[in-house]
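Chains here go by letter, A, B, C and D, matching the order in which they are written, and residues are numbered from 1 within each.
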């Protein structure tokens, strides 16, 4: 028989693919945004990587991807730092929803756009109001400015402008995440912390088969 | 001591039904250049991975039989030690570069830094390897901006810097043009001359015939034949298994079919040229004597 | 009606010329191999053929129409281009959906779609894999999935970039029979390859390139007989052709089956 | 050949001494730079009005000049001022309600108080933004990561950050190839919004899947380079250790800012 202990433990313990997934997630956040820009699409699509890593590797790695993406964004646009918590929340929520099997069915995935958009829209609006007094910068600010000029109060204007914009962004985002997860080969799923979900195994089954641990 | 001894080894990857290796019995000696050949999905890469312990420690699955690497059971090895003694270079030159270093020099040094080698020793060692592989022109370049062939050379250097005795190489030339392929094989031949053991997977049979000491032919996860290069390539077992052979070997067989066989079956062009030339010159005399 | 490159020049983004005064015709049902070193301008040349690149000077016409005013996606209905790495083109999670993507994208009728898909499946030997995730299959099969996805379209010219890399004996056999079949349908095949045995076994015409220009264009026998061309393009004869050359046997034969009869 | 290897020896020797970036500020320990800049950036919050923030905003170009990065820093910072600072100022100045509007334009009635508040806020944001921008101009991420590793941060964490930069470049490059590959199979990337939207997934998916397919090889390749070894790693590149006067300077700056905040809380200012 096989002497499992020392040997297998080593390979089990070293984080497997998670630390290699995180840079990819961060890059995908940027590339997604760039492709959207290239195709002149009116949406950001810049949190696909965060949600993907959250959905395949768990809450922690997802949050890390969100946080680092935000910091890298801040290099060229420092005010975005204030919204870092949004990206972290996207990663956490993706990991949470994934454990509940949300990304296994397309209808549930579609519904998940709502909580993502609420975080993005409502929390985004709250941060805009708290930190920037309701007058942040970017495309949304112009809309908010216009609404205020029309006589809406600043806070309401923020919610009215941001929530629908986020729905428009998060519906395609989660559907792309769903389709990509379907395309991940089984042998890779087997080495990702939440891969057992997509391989149709329960967690008990997964614990006898090492499925890697996150580095955090 | 043998490099590897496999007895009745079978391996099935998790999440697949068909075994990737079936009942392999094989002994590999040190100091030689082994080429593993066979059609797609014949188990070549799995066999390579097994020698390095990637199967079954990284890619899970069911392993039966016994696998001994350098006289020690695969499972008794400390994986860190095994990964240092048996260097592994992949086919895809892009995954061989760490992506976190700015110059080729630092890239080659990465493994030594990770081993905790003092900086001055690292520099000496890297310089030594750079000289050995004639990479001087590349040291200051960004490894992420190199061509496929250059990356492959840097990958070799990084593994050699760590002083691996054995180097397992999965399809080193698949992404390279003929000139770069030759350059990579020249490096490999040079490594062997310096006492390293080499195991590689290769599709370009003309190169295998020219450089390999022994050939391991696989088909459908089974061992078809293992032996000295010319013996394997001239074996009738190969043709039956749909495994490619050097072009000159195919030619010799075609000649035999039309009733004009060569004295021996050649595997390299030089060999074939000698055989045919001998017949062209000495042919009539040979005929007379018969 | 052919693909015509007339005195075409194209520069890399940094301004250095990629190809210069390249003139080339590809006729219906022709089989043309473009060979040469990395950086010789092979890829630029084929990208000019399907409109991915528009010439700086000179003209590229396909079936008499200039590529200048058409997008590559429009050109793709006439000129199919299979990239070297199948993973650049494959993106769905089953072989079937990958093959059906283009007909669905173009809203073809079901009958037409099914017929074209069935033909591609048969030509590329994909019968057993239709339900599988392409990423779970080996690279050799993924190569045929990528080829199949292009064959579903009704292109009259197919460009294959390094199709033999990573193929085994059965794979090569399948590829060769596929190319033969395309010729019977009158479809032209253009390949970029380093594999000279493949060139001589499956192609009629060779275009040798070096430094962004065409250094030779003609029947295989002619091009491979010219030592000077081979030197300039830094290409080699197939192994057995080189053998007969070494032996001084006077023949321009390149295919193994022909060479057998030339050896004393 | 000998000339080439001579080359490599010369090249290797540069690692035998500390990194010298040719400027005393850029040679400072990145973490010290970080602490000082954070302290400077948040200092104006302690002061009322916009004067403190304005001063801080003017300090950055001076530091940049001495650090020899003015050429990189100034255009970026000016652009930020125009794109972000100006918008923040105008929006606030225009919409903050108050008595005695300077003029009236429909619902918009800017007041002097609103202008002041707008200036204070815009300059505060610029003070923080400027610190971020200046930091990344003065300190390279690579040396920051090295400094963090020397202070015990695990190489895995720094790997994630450093590899992210390279992944963005690599995946971006791959995305351009995939774009061409998909156009070649008939996927249109120009036209109306639906046509363009349909092209998004076929471009992004292969980029991600190819990257994820490479993770296994990357993991094994790095493992083969002893990335997971438990001995503490050494570093080929060595940073000059922080000089005492730099540390003293940092402590003074931080202390001064602390005093300002305490003062502000106690109502001195």
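The rule we apply is simple: a contact is a pair of C-beta atoms (placed from the backbone, for glycine too) under 8 Å apart; a residue touches a chain by one contact, two chains touch by 3 or more.
From a predicted model like this one, the values you see are computed outputs, not experimental measurements.
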| item | value |
| --- | --- |
| Neighbouring chains common to subunit B and subunit C, by label | A, D |
| More contacts between chains, A-B or A-C | A-B |
| Distance from the mean Cα position of subunit B to that of subunit A, given in whole angstrom | 42 |
| Between subunit D and subunit A, distance of the C-alpha-averaged centres to the nearest whole Å | 22 |
| Subunit C and subunit D: spacing of chain centres that average the CA atoms, whole Å | 46 |
| Residue numbers of subunit C (touch at least two other chains) | 91-92, 135 |
| Residues of subunit D whose C-beta touches two or more other chains | 159, 163, 166-167, 170, 189, 201, 205, 209, 213, 216, 218-219, 223, 228 |
| Where subunit A touches two or more other chains, by residue | 10, 23, 179, 183-188 |
| Overall pattern in which the protein chains touch one another (line/ring/star/complete/other) | complete |
| Residues of subunit D defined as touching subunit B within the complex | 1, 3-9, 11-13, 15-16, 142, 155, 158-159, 162-163, 166-167, 169-170, 214, 216-238 |
| Complex interface listing, subunit B residues touching subunit D | 52, 54, 58-59, 80, 83-84, 87-88, 90, 92, 94-96, 98-100, 102-103, 105-106, 109-120, 122-124, 126-127, 130-131, 134-137, 139-140, 144, 155, 158-159, 162 |
| Residues on subunit D engaged by subunit A in the complex (per definition of touch) | 76, 80, 83-84, 87-88, 91-92, 94-95, 106-108, 121, 125, 128-133, 136, 154, 156-157, 159-161, 163-168, 170-172, 175, 179, 189, 193, 196-197, 199-201, 203-205, 207-209, 211-213, 215-216, 218-219, 223, 228 |
| Subunit B-touching residues of subunit C, taken from the complex the two chains share | 37-38, 138-141, 165-171, 194, 197, 234-236, 238-240, 242-243, 246-247, 256-257, 259-261, 263-264 |
| In the complex with subunit A, residue positions of subunit B that touch it | 13-15, 57-60, 63, 73, 75-80, 99 |
